[in-house]
Structures are given as C-alpha cells and as structure tokens.
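Dropping the structures in below, format is structure tokens.
Next come two complexes, and both contain chain A; in the first it sits with chain B, in the second with chain C.
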Partner chain A sequence: MSGRIIIERCVLLAFAAFMLTVPWSVPALVNTFWVSVIAEILIWSLFAASVNLLFGYVGLLSFGQALFFGFGMYGVGIGIDQLHLSFWPAFGLGIFAAMLMALVSGIFAVRLTWHYFAIITVVFSLIFYFLAVTMKPLTGGDDGINFTLPPTFSFGGTQWSFTNATFQYFFILATVTLCFYLMHLVIRSPLGKAFLAIRDNDVRASLIGLNVYLLRLTAFVMAGFLAGVAGALFAFFGRYASASYMFYHVSGEAVVWAIVGGAGTLFGPIVGTSLFIIIRELVSTHWEHHSLIVGVMAIVVVILAPKGLVGLWRDGLDRLVTRDDSKAAAAKLPADSKLRTDP
Partner chain B sequence: MMDTLLLLAMNGLVWGLIIALIALGLSIIFGLLDIINIAHGDFFMVGTVLAWASLEATGNFWIGFIMVPLICLVLGALIQVTVIQPIRGVAALSIVATFGLSLILQEVVRMTFGATPRRILPPISGTVPLFGIEYEVYRLFAAALSLAALVAFFLFLQHTKLGIWMRAVRHDRDTAIAMGVPAQRVYVVTFAVGFALAGFGGVVAAPITTVDFRGGVDLLPVCFIAVIIGGLGNLPGTAAAAILLSLLEGIIQSVANPTVARISSLVLMSAVLLLRPQGLFKGHVR
Partner chain C sequence: MTELVETEPVLRTENLTKRFGGLTAVDNLSLNLPRGRLQAIIGPNGAGKTTFFNLVSGLLGSDGGRVFFLGREITGLKPHEISRLGIKRTLQIKSVFNQLTVAENLWVTRQAGNRFLHPFRAASRDLETKARVDQTIEQIGMTALAHRPAGTLSYGDVAMLEIGMALISEPRLLLLDEPTCGMSPAETERAVAKIRELARSIDIVIIEHDMEVVFGMADDITVMAQGTVLATGSPKEIASDERVREAYLGRPEDEDYVEEAVHA
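Moving on to the complex of A and B:
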C-alpha cells in the first residue's frame, strides 16, 4: 500500500466522521443554517457525480443531465401534488421517470459521440424544458409546484418526516452515500473496466468484443438514475419542483463542478460541488455578484489544474510520498487516468 | 391573417440574417479552435450593451456600428490569449472555461449596466409600405447591414491572406504550420473575429430587441442549432440554416406560440443530428 493511499484513507475517515456529526457539530461551530447547506451540497454532489460517471468513466460529455434531475423532481412533485402518493411511491416514481427518460433519450443520444453527443443532450433537455414551461397546469412552469411532504416512515403513532431537520439530513446523507457506494461498486466491477476501455479507445473496445453502444446506453441510464435520485431528493428538500431546474445552465454547473473537482475520480464531484456552493453561500450574503467569483474560479482551476482539484492533490501527494520512500512508491505510481480529448 | 404571417415571416428573415452573423462567429471558433463556446451568446449581449454605452456616451448611434466591433475584436484577442490559449487542445476544459467566461461577462454587465432591461430607439424611425404591410425601416436597414457584413466576411475569408490562413489551419493544421502559417496568430484572430461578428450582430439587433444582461442565454441554443443544421465547418450552410430556421420560426409563430416554434426547431435539429450529422446541406465536411 503506497503512502498516498494511507493518507487518503485517513482523510476519508475524518471526512466520514465529520459527516456523521454534522447536525451537532456544525450548529455548535457556526449555525444551523449550514446544516442545510451541507445537505444541499450532498444532493448537488450526487448530480455532479452523474456527469462524472458519463464523462470521467465513459468519455461522454453530457450537457443535459438537468433533464433527468428535472424528471426526478417532477416525478416526486406531481406524484405527491396531483396523484396524492405517499413518500416512498413518489420517490420511486421520480427515479423511475428519470431512468425511463434516460433510456428513451439514450437510445438516440449514445449513437453520437463527443461534440455531437454534448449538443444532442442539450437539445433534448431544452425540448423538455420548453415543454415543461408550456404545460403550466401540470408542471407550474417556471413558478413550479409547491407541496407538503408526507411522512417518510410512520409506525403507528410515531412518524419520521423531513420536518425534523436532523432526520432530513441523515436521510439525504444515507441516500447519497448509498448511491456513491453503488457507483464505486460499478466502477470496480468488470462493467466499470469496460466503461474505461470505451473511454480510452472506443474502436479498440469494440474490437475486443465489447458492445460499445449497449455499454454506453447502460452508463447513460445509470447516470440518469443518479441524477434522478438527486432531483427527487432536492424536491423533498425544497418541497417544490420547478421547470427552471431543467434549463441548460443547471447541467452546465454540474459539468463545471465535476471537472473542477476532478473528472474520473469518485470524490472529484464532491470536492468541486462543495467548493462552489460554500463560496456561493459565503459570498452571496455580502455581495450580490458572487457569480463573478465562480466564473473566475472555474477558469483559474481549469488553467492551473487541468486534472481537477483531486488530480492536483494526488499529484502533489505522490510527489511528497515519492520523496520519502523513493522507488517503492514510484513503481506504484498510478497511471493517472488521462481523459480522452481528441475527437 | 395574411398580414400577420407576412409580418412575422419578415421579422424572422431579419432576425435570421442577424443570427447568421452570430452563428458564423460560433462556427469559426468551433471549427478552428475546437471549442464549444458557451459564452458566445454573451458575446452578442456584450455587443448590445456596448451599443447602448456608445449611444449614451456620444449621443449618436451610428458611431456604435464602427466602435463596437472594434472593441469586441480587442476583447476577443485578449480573452483568447488569457483564457483560451492556456487550455488549447482540451475541448472539455474549454467548455468549463467558456462557461466561467459567460458568468463573468454577465456579472460584469450586471454590475456596470444594471439588471434592468432597456430599450434603444432605432436611429431610423418610420415605416415603409411593403407587400401591403407597413414595415419598419430600421429592420430593413438591419437586414441589409447584416447581409453586407456576411458578404464582407466571406470575401475576407476567400481573398485576404488572413482569411486564407484561417481556412488553411482549419483544413490541416500541421501542414499549414509546416508551410509557415503562424497558427498561434491565426487562433487569436479567429477568436477575435468570432467575438466581433457576435458583437456586430449585437449592435445591429440592439434597437429591435431589449438590452439585457441575460440577452445571450436564449440566443445560444439558436446559434448552435444553426451551426449543426448547416453542418459543422460548413460556413455558407450555417448562414443558410440560420436564415431558414428564423423564417420558419416566424411562420410557425403566426399559428402557434413562440415556445412551440422553438420546440419544433429543436426537434428538427435532433432529427438532423441523428440522420444527417454532416448537416442538411451537402458540402465540405470537416
């Protein structure tokens, strides 16, 4: 085990310990408002992870993941508001709607690659954005639909619902952790290796007998699942669903978060998302032009750390560790996954 | 009924010519630098705001037609050198960088110009009778000006040294460099010209649209649609697609609302992408 991995394990353990104590430690250190900010970061990290699964592991840059986020949101919103579903069926409906949409649009979209793929995913998401804006009776358009949340669990008289902030936080933490764990399992499985083979060279991948089209479609539906769960969670979290979350700017933000954090790494999206949302929350109360900082940061990170912040951290750590135990670790230098850039 | 149709179709045609200019800028940046420029709509927006600023400063709208493209040319060159050059060759990063650029341009405009949309009065007022309807003179003038700029751009591309270099680098970068074409300078010029085309579109369009820091957000997808339907790298195809699409949206708008018109052009674009990724028109494919 190289020194880097030991250090990373320690950081991860500290991170996990912190996440588990957030509802108590954060109000003690800052205030309760930041607990909900951290919950929001978790949700958006999951959304950024769906971009990362496609771009970082399969080499498909999707600029339309907001479509599936929106479907997850509307599945919950319409499920509760119009169909009067309880918590879990509405959750299921949101995820199912997102995955179905991912399957249908994926059948067409994954026939294309690179520029064309990026553009057709934007186009699909724009089509449904405009449809959602037009179908006001069903979707509420840009104003969205508000709803009251049914309880998550009820045993006899006792109920657990999102009105309890601590329960809300842990529900979101558990769901997001589960999704990241599932993604981790997929990446380490033979399926994940096939994804990487396609990312690095799709022609070679098809020559060794991989069904590139089907694998890309699988990844697309999986990414739709992640985005759908994120959207459904966000609908629960905000108690509303709105067409504005399907606009291409939302997809674009997720792409920025994933790439700035480090595409092709499991934790990159969390790092990128945390960075941008924390800055937004810190600055926006004092200065209304906080987007300016976001824009500058995106450019600076991309120029100085093209592998993202996680890539920068790993390179730095590797350099540090190799200096210590020289060749042993140097031999184990991980072949840092270079992202495919040529068309 | 016939009058509305004619009016909307004419408006569509005028917009189409303006959009053709902006989309051409997008297309040369796309084709030459391999960059998906998310900030391109904002380049147009900057053009409209600069037109407003030059009108405020000088009291004369006509100066803007000269000044704004020149300012945009300089801005474009600066942005290429500082932001685009360091990440050249990595298209995914360019999307993030231009997305950041888009945020910066919008925020700077919001800080200086303000968040309230404004209108500019056209420098030529009045209407002329045209096929039985009264049509605004300025819109006809805008169409003529855009057409002139389109022709000038194609002449520049065909007959000047820089234009030929630009075509050479797009066609085969390595050979062009081996033949002594200064590729680096060509990239700067291309990005600057792309910005200037969008900026010029902004000045021309300023009196017939609202000047708003979000003005580019809706325009960006339309320009991408034109570039794709026209065929990536097919510049005349891009211009033709922009004009046809706007005309079509204008005509659909006479029977349905603008959103339906937008959805139909998006569906048309998906079909083109899937069935004819080389674009609707036959021609040079990159």
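Moving on to the complex of A and C:
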C-alpha cells in the first residue's frame, strides 16, 4: 500500500467521523443553519456525481442533468400533492420518473458524442423546462408545488419525519452515502471498466466487441438515477418542487462542480460542490456578485489542475511521499557531498 | 444462415463497393480467402486496402456487395457484432486505451465479448480473467510494464500490446493493418515472429508496406490497385507477375528488395 493511500484513508475516516457528528458539532462550533447547508451540499454532490459518472467515466458531457433532477423533484411533489402518496411511494415515483426520462432522452442523445451530445441534452432539458412552466395546473409553473411532508417511518404511535432536523440530516446522509457506494461498486466492476474503455477510445471499444451505444445508454440511465435521487431528496428537503430547478443553469453548475472537484474521481463532486456552496453561503450575504469568485476559481482550476482539486491533491501527495523517500536516501549520502556546497 | 461453417473460406466478398463522393475506393471487389493460410494484401497508397478492412470490420457501411465470414453473411452488421463473431482487427494508427494500464487494456478486451457485464461485483475478483491476463502479459513479454498506463508506452510496446489484445480475445480471423509500420528493425523482428506464431492457430490477413516482411511471411499475396484485385498468388508468382511489377513493384529500388526476399 502506498503512502498516499494510507493518508487518503485517514482523511476519509476523519471526514466520515465529522459527517456523523454534524447535528451536534456544527451547532456547537458555528450555528444550526450550517447543518442544513451541509445537508444541501450532500444533495448537490449527488447531483454533481451524476455529471461525473457520464463525463468522468464514460466521456459524455451532459448539460441536461437538471432535467432528471427536476423529474425526481416533480415525481415526489406531484406524487404527494396530487396522488396523495405516502413518503416511500413518492420517493420511488420520483426516481422512476427520472430514470424513465433518462431512458427516453438517452435513446436519442447517446447516438451523438461531444458537442452534439452536449447540445441535445440542453435541448431536451429546455423542452421540458418550458413544458413544466406552461403546464401550471400540474406543475405549478414557476411558483412550483408546495406540499406537506408525510412521515418517513411510523411504528405504531412513533413517527420519524423530515420535520425532525436531525432525522432529516441523517436520512439524506444515509441515502447519499448509499448512492456513492453504489457508484463506487459500478466503477470497479466489469461494467465500469467497459465505461472507461469507451471514454478512452470508442472506436477501439467497438472493435473489441463492446456495444458502445447500449453501454452509453446504460450509463445515461444510471446517471438519471443519481440525479433523480438527488432531486427527490431536494423536494423532501425543501417541501416543494419547481420548474426552475430544471433550467440548464442548474445543469451547468453541476458540470462546474464536478470538473473543479475532479471528474473521473469518486470524491471530486463532493469537493467541488462543498467548495462552491460554502463560498456562496459565506460571501453572498456581503457581496451580491459572489458568482464572480466562482467563475474565476473555475477558470484557474481548469487551467492549472486539469484533473480537478482531487487530482491536484493526489499529485501533491504522490510528490510529497516520493520526496520523503529521496530525502531519506539523501540523508544516507556521505558527508563530503556537503563540503562541495561550501564557498 | 447463422452457422459459421469451418469448410467455407474464412473471408469472401461479392462485388463489394465503397465510394467516397466521386472516388471509388473499393470497386466491385470479389475476394476469396481460404482458411489456414497467412494472407497478405499489398498495393500502392490509395488502393483501398484499409477501406476494405473498414468494410469487413463494420466501421464503414458498403455501397453495394456482400461480405461472408466462414459462410455467414456479415454485410451491414455493427462493429461489435462482427467482433463478437470472432473477427478482430488492429488499426493502422496504433489504438489502445491510453489511460488504462496494460493489464486493464487486456482485461477489458477479454471481457468485451460477454453479453452481461456485472455492474456491482469488483472486477479484481474475477480470478479466471486475471490469470488469463497475466498469462498474456507474459506471452508478449510485458511483465515489467503491466501496470503502466498504455499512453506512456513506447511505440513498439503499444504495437505488442495490440497483438496481446488480439491474442487474449481468441479471434478466428485477425485483420492486421500495417502492424510493423513505424517500428525499429528489432521491434519489427519481434512482431513478425509473434505474427508467424499466431498464424499457426488463427487465420490472419495482413496489410503491409514493408516488402521484406510481406514476402518473408505470407503464404498468399493479394495485390490491390484502384479498389480492385490486380493479382493473387504465392509470393514467387507475385514477384514474377509482369502487371504487378509494372503497377506496383516496377520502381528499381523495390526490385532488388523483391528479388532478395524471394531468394532468401
């Protein structure tokens, strides 16, 4: 095991420990407001992960993931408000709607690559954004749908629901963790290796016998699942669903988060999303042009660290570990080498 | 007709045609390549050799004609479908998965033919494939480079990796497009030895510009010019064919080469 992996495991462990104590440690250190910011970061990280799965692992740059986020949201919103579903069926409906939409749009979109693919994903999300805005009776248009949350679990007399902030936080943490774990499994699986092969060289991939179209479609539906779960969680979290989250601005933000954090790394989207949302929360109360900072940072990172912040961190650690090794080797050199540097 | 018949020619085309705008790259090509012989296709630049490979492997759709592999028609099939029948090929410009390691390149090639790719089981737990990958790495002599990303390899090593990828996929027919192009003499020798060894168990069709390589290893040679077959025969017959000499080998600097190769 290399030194880098040991250090990374330690960081991960510390991170996990922090995440598990957030409802108590964060109010003690800052205030309760930041607990809900962290819950929001978790949800948006999952959304950025859906961009990352497509771009970082299959080589498809989608600017339309907000469509599936929106379908996740509306699945929950319409499910509860109009179909009077309870928590879990509404959650399921949101995820199913997002995956179905991903399948339908993917059938057309994954025939294309690069800018054509990016454009068609934008077009799909714009079509459904405008549909959602016009179909006011169903979607509430720009105002959205507000709903009252049904309880998540109820055993006899006791109920757990999102009205309990601690329960809400842990439910989001558990769901997002599960999704990241699933993605981790996929990346290491035979399917994940096939994704990487397609990302690297799609012509070669088809010549070795991979069904490139079907594999891209599979990835697209999987990404739809991640975005759908994020959207459904966000609907529960905000108690509402709105067409504004289907706009391509939202997709674009996730692309920036994923790329700045490090596309093609599991934790890149978490790093990128955390960074930008924390900056937004810290700066936006003092300065309305906070998105300028975001823009400048995105440009700097893309130019200086093409593999994102996680890539930068890994390269830095690798260099540090090898420098330690060479320092140790240098220390063993005979003392006369030192004399030469004397004047 | 879905069965592959072992007694049929490994590759047969009927009036195969491909046009690019006004240019007919492959013109009414009818070829018959029998099994068990190392076949070489030669011809001047623009003769349609690579286009022919692209048509057979499905990278291009034809404008007419049919292609048969062991008696089964494969005209119009997709590249991955043709690949799964057992036709593998290399590309003229070396093409591997640059960001994957040598071992991963072989691993994914070995698995690519499977209809079902497990989405959740760790790839590293597939010990059978791993053993096969290790064996292939040893066969192509790249043990020391197993965990290097393919994009950092030297040109000759990438070519060897391509041969390894062809090996591990257990093809019935291997199409090699200028496998020794750009190699040093030592690398060429290594690759030629490997191709000769492979030809004992696999049908191979090779496009090659290096005359020494072609005349030294092919059983049959097909000469293409302007999208059609100019001549077919043993290396000796081709070397003494007047039309071929005129159309292709007629230049004096090549003549010595051919004679040398034939007498060697």
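The criterion applied here is as follows: the second predicted complex is superposed on the first by the 324 of 343 C-alpha atoms of A that agree within 3 Å, B and C clash if a C-alpha of one lies under 4 Å from a C-alpha of the other, contacts with A are read in each partner's own complex, and residues count from 1 in each chain.
Heads up, the rule we're going with is that a residue touches a chain if its C-beta (ideal position, glycine included) is under 8 Å from a C-beta of that chain, and two chains touch if they have at least 3 such contacts.
All figures in this text were calculated on a predicted structure; none of them were measured in a lab.
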item: Joint occupancy of chain A by chain B and chain C, clash or fit; value: fit
item: Which superposed partner A:9 touches (first chain B, second chain C, both, neither); value: neither
item: Contacts of A:136 with chain B and chain C, given as first, second, both or neither; value: neither
item: Touching partner for A:206 - first (chain B), second (chain C), both, neither; value: second
item: First, second, both or neither for A:192, with chain B first and chain C second; value: second
item: Distance of closest approach, chain C and chain B, by C-alpha atoms in Å; value: 13
item: Touching both chain B and chain C, residues of chain A; value: none
item: Touching residues (chain side chain A, partner chain C) in the complex; value: 182, 185-186, 188-194, 196-197, 199-201, 203-212, 215
item: Interfacial residue positions of chain C with respect to chain A in the complex; value: 57, 59, 78-80, 83-84, 88-89, 91, 95-100, 104, 107-109, 111-114, 117-124, 126, 165, 169
item: Residue numbers on chain B that touch chain A, as the complex places them; value: 30, 34, 36, 38, 83, 86-87, 89-93, 95-97, 99-104, 106-108, 110-111, 217, 221, 224-225, 228, 232, 257, 259-260, 262-263, 266-267, 269-270, 273-274, 277
item: Chain B contact footprint on chain A (complex, rising order); value: 55, 61, 63, 108, 111-112, 114-116, 118-120, 122-124, 126-127, 130-131, 133-134, 248-249, 252, 255-256, 259-260, 263, 289, 291-292, 294-299, 302-303, 306, 339, 341, 343
